[in-house]
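The chains carry the letters A, B, C and D, assigned in the order they are written, with residues numbered from 1 in each.
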Amino acid sequence: MFDVMVILPLAATGAGAILIMLVAAFETFRREGISILGMGLFAFAFFIQLTVDNSGDIYPFAEVFNGMLVANTFTKVAGLIILACGFFSALAAQTYFTQNKGFVLEFYCMLLFAAFGMLLLTMVAELITLFIALEIMSLAVYTLVGYDRHSVVRAEAVLKYLMLGAFAGAFYVMGAVLVYAGTGSTSFAAIGAVVADSGYLSNPALVGGSFLILFAFLFKAAAFPFHAWVIDVYDGAPLPVTAFMATAVKTSIFAVLANFLLINPEVHQGWVTFLFYLSILTMFAGNLIAIGQQNLKRMLAASGIVHTGYLLIALVALGSERFSGGAILFYLAAYGVATLGLFVALSYLSGQDERRVSFDDFRGLAKVRPYSAACIAIFLLSMAGIPPTAGFMGKFYIIAGAFQAGHAVLAVLGIVSSILSLWYYLRLIIVMYFREPEQRFEVAELTLAPLGTIVLAVCVFAISFYPVVL
Amino acid sequence: MLDNLLSLMIFLPIVLGAGILLLPVGREAARALGLAASVLVVLFGLKIFLTFNGSSGLEFVERSPLIESLGISYHLGVDGISLLVLMAAALLFPMVYLLFRTREKGYYGNLLIVQGAMIGAVCAADLVLFYMFWEVMLLPVFFMIGLYGGPNRLKATVKITIYTIAGSLLMLAAIIYLGMAHHQATGQWSFAMDALSGLSLAGPAATLAFVGFMVAFAIKIPLFPFHTWLPDAYTEAPTATTFVLSAIMAKIGVYGVIRFVVPVFDESFARYALILACSGVVGMMYCGIAALVQKDFKRMLAFSSASHMGIIALGIFCMNVQALTGTLYQIVAHATSTGVIFLLLGLIEERSATRTIDDFGGLASRAPILAVFFAVAMLASVGLPGTSGFIGEFLIILGAIKFNAVIGILAATTLVIGVCYMLWLFQRVFFEKPAEKTATFHDLTAIEVLTILPVIVLIIVMGIYPQPFLDKINPAADRQIAALAQVVAVADSGDGAELNNQGKN
Amino acid sequence: MEGNLSSLGFIPLLPLAGALVLGLMHLATCRGRLISERIYALVGCIGPILSFLLAVNVFFALQALPAQSRFLSHQAFTWFSVGELTISMGFLADPLSVLMLLFVTLVGSLIHVYSIGYMAGDPAFGKFFSYLNLFLGSMLILVLGDGPLVMFVGWEGVGLCSYLLISYYSEDRGNVVAGNKAFIVNRIGDFGFVLGMSFLFWGIGAEGFDYLSLKANAHLLAPTLGITVCLLLFVGATGKSAQIPLYVWLPDAMAGPTPVSALIHAATMVTAGVYMVARFSFLYAQVEVAGLVVAWIGIMTALLGAIFGMFQNDIKKILAYSTVSQLGYMFAGVGVAAYSAGIFHVFTHAFFKALLFLGAGSVILALHHRQDIWQMGGLKNKLPITYWTMLIGALALAGCPPFSGFFSKDEILYSALAGGHTGIWAIGVLVAGMTAYYTFRLIFVVFHGQPRDREVYDHAHESPKVMTLPLIVLAVGALFAGFLNLPAIFGGHQQVSHWLAPSLTEVHPHGSMATEVLAIGGSVLAFVVGISIAYRRFAGGAEQPVFTGFRKFAYHKFYVDELYDTVLVRPYRFVGQAVQRVIEPYVTDGPVRAAAWLYRMAGLAFKVIQVGYVRVYAIYMVIGLSVMSLVLSQSLNF
Amino acid sequence: MIEHYLSLSVLLFCLGVLGVISRRNVFVVFMSIELMLNAANLGFVAVARLHQSMDGHVLALMVMAVAAAEAALALAVVILLHKHKGNLDTNIFSLLKG
């Protein structure tokens, strides 16, 4: 019975996706109805996930699924974050499509499918299930990016995403092959056992395989030097989808990455040095890309790279004993709230056909729409890590973790990079507040997004003192 | 309600300010609210000052856990070191609301928030809490300069914000390092000052952490050569912001050094005290010289303020009770004098719509009362005996000479340097023939006089009868110096010893 | 051994209170002058006169005590106390301070009265009296302070008042500049004073930082530190008392109203330096070197002042330089450890120099603010009182027996000679002659001969009673003050020296009769020579001479001001400009700007890399992958 | 013995990689990716044989299924692109850059 509870959110999203697909077949449902339904399903799944309390590792239906899924506090919280991201992306979409063309009813279906893949991804304990989950998520997201057939930009975005995604996916499979060759099994537990008795570095096939798998994850997480796609794709994708990618995808990827690295402490040890340098490169590359950008979506994509860098720091510092992933998840939550907040705000401020997406378009926003501007400022400050926002605490945990793991250098460089990141976060605030308005920022009336923005702005402070165990 | 007075002093302004910013409030209402809140804070502040007895350590303590897993707690308290800074942050604000009556509501709202945050920073006894207030108190300044500043405000606001946040983020790293060090020592995260001051830190990491703290505070004070954000910021900022920055926020930097750096990093502090002292003295002379040639009234005063901060900071690095007490005293003395000077400047600017020194002249005959007030504040800032400025400055010079004769002699040049630019300014603005820009200049109104008069009186009283104030801060200063004692002994055997040796043989 | 006398506190307090009241009255009514000058004058004069009476009272109280225990003190309250340092706002009345007290309050009161006439009709009458009261209060704190730090309060206070009063006519730029000059130069002196005090404190101040304790512990002071302290304190003295090299401010200070010049820049404030050195006699007595420096700088200043005084045309400038010169004498006196002689000269000088200045003021007022002596002449019939009183003053200054100046000056020269400082004595005699010369040059040109400017002469008229009365009183002082310290050779008992003895550490040189005769003869001779030359040159009403060569050089004061300007002021300004224009933007702020610029450039570089070709992105990935795998294979070596 | 299979599979895989980074025609690129996946499949079955376990074969089937799904999407994208530009050169799709 309990196992059912564990996978119920999963089932709910999957079933919901299919449900929407079916009702979309009938013309009876209008956009509003569908969007409410989609949001409702996300909320429903969220609350189930919330009610499930699972301490320790649970392998739901171990004998049926052959222990390819595992649920624990970590997966639970990750799932919560993903579902919340899904909910707010849906909310953003609801508003977004009141003033943007190219809505298809299947949008929410795809959203739910993607969420389904992500939830699965957080829970997998076996390589091939992982691949399937990854692909469910990816295919859904590809579709979300490119479903608007009339826009060449979307087409280009989906081309880039799909091509490079599939490319990386192939590497993943190859990695799986090598790991399989090295250990004779694909389940994390078995691999862990093999590492435990025969050692890790002494097993070239395993090392090479896990290297390729790692590469695939790093690609999805847009770590340097595999970041190039993320900027163009975020730019090309519709705003709600970008929001979803920026938050939910990142969450699921880091969840699975953490799980994979913790197959066995040795594996983690094997990659610490790598992740160390990667995190540094990623942070600084992200900053350097971000300062050059004029377009907010691109800037946010680049800043997303920077945050990937921070998360990599957290991965480096993973205390492999008593792993709770607290720092990672808190950071993901904080980052998710701020990013979603921005995208939700953009989804109604950007106006018809995403007219306003560059810095200069938001000149003097504070004079015309003070509350929106205030919320955006709050989100930006949270991203920059100014207390008492959640972003600050997130950074705090990560830096503390880095120190605790003895990576003072990483901690200091993380600080330095957040100094650099002030540059472009402040820039938007300055544009919004200190410049004179040139337009009226007219937006569609009667939409949920403004409300959502305010809710998220409150969350920025609300979750900031949520206790987390390092 | 009055048992957690400090929280009240912190959050009454912050909440009110946030309310003013968020809710649709008229500017008049905003000003009234701001005035009311600041007056309340003044009353609370006076209550604290009067009921404070400096004998024990922290008083008015409030403590409740914030994040157990990291040992972060909401921990407030006042002691002799923070008392006078707290007074400076609490007492001076009503003037702004009384003198500048026609600003946007955001102006008043931000003022409230910055006051609350500064009081918080002064009272915080937990490093993370301190850091939070420390960062929060910058944001209103950022917005005030950007929204209500002068023509080049954008450049100025970006510079001050990135400069200071950069510094404080380095401090954040150092803070977390301290917590980690405590964790290593005791297996328990903690950021409480009492816990951390017990740590014995050594090695390069500790030194780096020390540097992290010092950089943050050096930027805020500002210590030479980290002062370059100051002239632009002070000049472009609206009067109230300049007042806040120069009168109080800079002092909080000094306070931070005394409160956090000295107890925790005593060894590193003693080792680098000489260098820091040099930077203080050099800054004093450098900015004093730069002040002489400024064309812009406000910019000149900005440099003069920076120059004084140099000498004030010097007092910390001399590591003897005279200098330290001098600094703590000078914090208030300079806050009052500089505060009055900048506020008067704001009034002058309002009346004559110019800041170029050469446009002025003959104000003394046009506005005698204004001239007298300005003169008193000016004399206090050049340290004339009988004004508050002298006590602190003399104590600092005295201590500096004990610490290191050369430093002391250089420090004493402030007597001359300060008077040079100040008198020249006074001559060109208040004396000589009235200029056409000041032809229609009218003197202070009754309200303005009544607003500023108390501070002027305070300046004089603090110069003639300082002992009550000193009694409050002496014990704390003694404790700290005593804690530093053996480290100072090490340092003295190096440098500051000639005098004592001469005294013996 | 020391008693308490609470009335001491009131002596400075009264004028200060007066200053406050006057100032408030003035500020309250400065828009429209509602208060008549009479009230101002009344309020202004009460303070000084009461203080004078109190001073007299204190004098008698002190006299009642046995000679060696003549110390009355009053600790008003603890000023500030930090660590070893404890300063109480305390006042000390001992023979030395009481002597100063008496003539300061007396002269001060007289000049207040005089000012009623002189400043009549001034728009800021009240302000003037407020400043004057403030000055007197500060001066009294200076005199009565029981320790260096309390003295320093008055020290700076009088400096401030001097600044305020010099730039009293602030509409005129020159006056303000003169005021700034005075304040800044004084501040340079105070720089030395503060350092001196600090070193002294760390030397022996821990047990108590008032004169009596310091005197008690003086022997503990290390010699090197002792010299440092003495010289640093003397720097302070040079600033305040216009000695080389800081004398330059005093002549310019004549920009102030004449009573100010009389009170501050002749009688009282400028002698503070001498008083201070005498106060620290217990230190200077320990280190002869310091004393010698003081003496030589003093005598050199005397010479320089005399030289300049001989070639000035402005009546006040002449007197100003004579003040500089006389101050030089005083320092020569205290320098050769003849402290009582120096102080005695301060005492007499106060009378005759104040007298001369007030006389000059009356002349200037009579001639409607003309100050060039070459526009005057033959005024003795027009202004008889002024003439006779000034004549007395001049004789005293010139050192004509039996006028006061003669005795005091002779005392100094005698001590120098007896102390074996023949050089100082010789120069002193020379200067005495020059003094006689320029003093009577002034007298003859102004009062004798024919009027040079007829219609000025015709409009001239004697000043009102309120001004001439103080002249007369001072004249009496100038005439008889000398007899207070009549040396034995004239059958006197040197009362002043004996009176001062308890508070000074000095050894009276016991020169032979011959020395004494030589000294007296020298000064008398010098006087005669000087006055006779002056008589031959000017008594007959000479015309303004055209200065050439050395005289021109001297007339321009050896171009010292210009020198200071080029050596100190301009370079200082230049450095300021350099800091502002070059160092600030490029050196101190340079790194910051450079970093920002670099950051932006790097950002552009990344924009370029982001080409937008998906294939290229794939290549990036592969490159990254291969680099990583390369590193991997290296690090794992398989 | 197994090494040969694995090296063949790696070789094919590298060919696929080369194809992806060297060809500009979208179609060919996707074919190269398919090649990479099939190389992996070869590896799977070989290793399955080595370990005498069925897992590998199952995995290969799974991968094929996923590959098919991907291919379907890929074809859709190809058509989309062709509709927009009438050309399948990846380089002409570079509106998003900088």
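Definition applied: a residue touches a chain if its C-beta (ideal position, glycine included) is under 8 Å from a C-beta of that chain, and two chains touch if they have at least 3 such contacts.
Values in this document were obtained by computation on a predicted structure and should not be read as measured data.
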A-B or A-D, whichever has more C-beta pairs in contact: A-D
For subunit A paired with subunit B, centre-to-centre distance based on mean C-alpha positions, whole Å: 44
Between subunit A and subunit D, centroid-to-centroid distance (C-alpha), Å: 26
Between subunit C and subunit A, distance of the C-alpha-averaged centres to the nearest whole Å: 78
Computed distance of Cα centres, subunit D from subunit B, in Å: 66
Touching two or more other chains - residues of subunit B: none
Numbers and ranges of subunit C residues touching at least 2 other chains: 607, 610, 612, 614, 618
Per-residue multi-chain contacts in subunit D, two or more chains: 20, 29, 90, 93-98
Pairwise chain contacts, counting only pairs that touch as defined: A-B, A-C, A-D, B-C, C-D
Subunit A-touching residues of subunit D, taken from the complex the two chains share: 2, 6, 9-10, 13, 16, 20, 26, 29-30, 33, 36-37, 39-41, 43-44, 47, 50-51, 53, 55-56, 58-59, 62-63, 66, 69-70, 73-74, 77, 80-81, 83-85, 90, 93-98
Touching residues (chain side subunit D, partner subunit C) in the complex: 17, 20-21, 23-24, 29, 90-91, 93-98
Residues of subunit C that touch subunit A when the two form their complex: 599-600, 602-607, 609-610, 612, 614, 616-618, 620-621, 623-625, 628-629, 632, 635-636, 638
Subunit B partner contacts - residues on subunit A that touch it in the complex: 371, 374, 381, 385-388, 392-393, 396-397, 399-400, 403-404, 408, 411-412, 415, 418-419, 422-423, 426, 430, 433-434, 465, 467-470
Subunit C residues within the subunit D interface of the complex: 607, 610-615, 618-619, 622
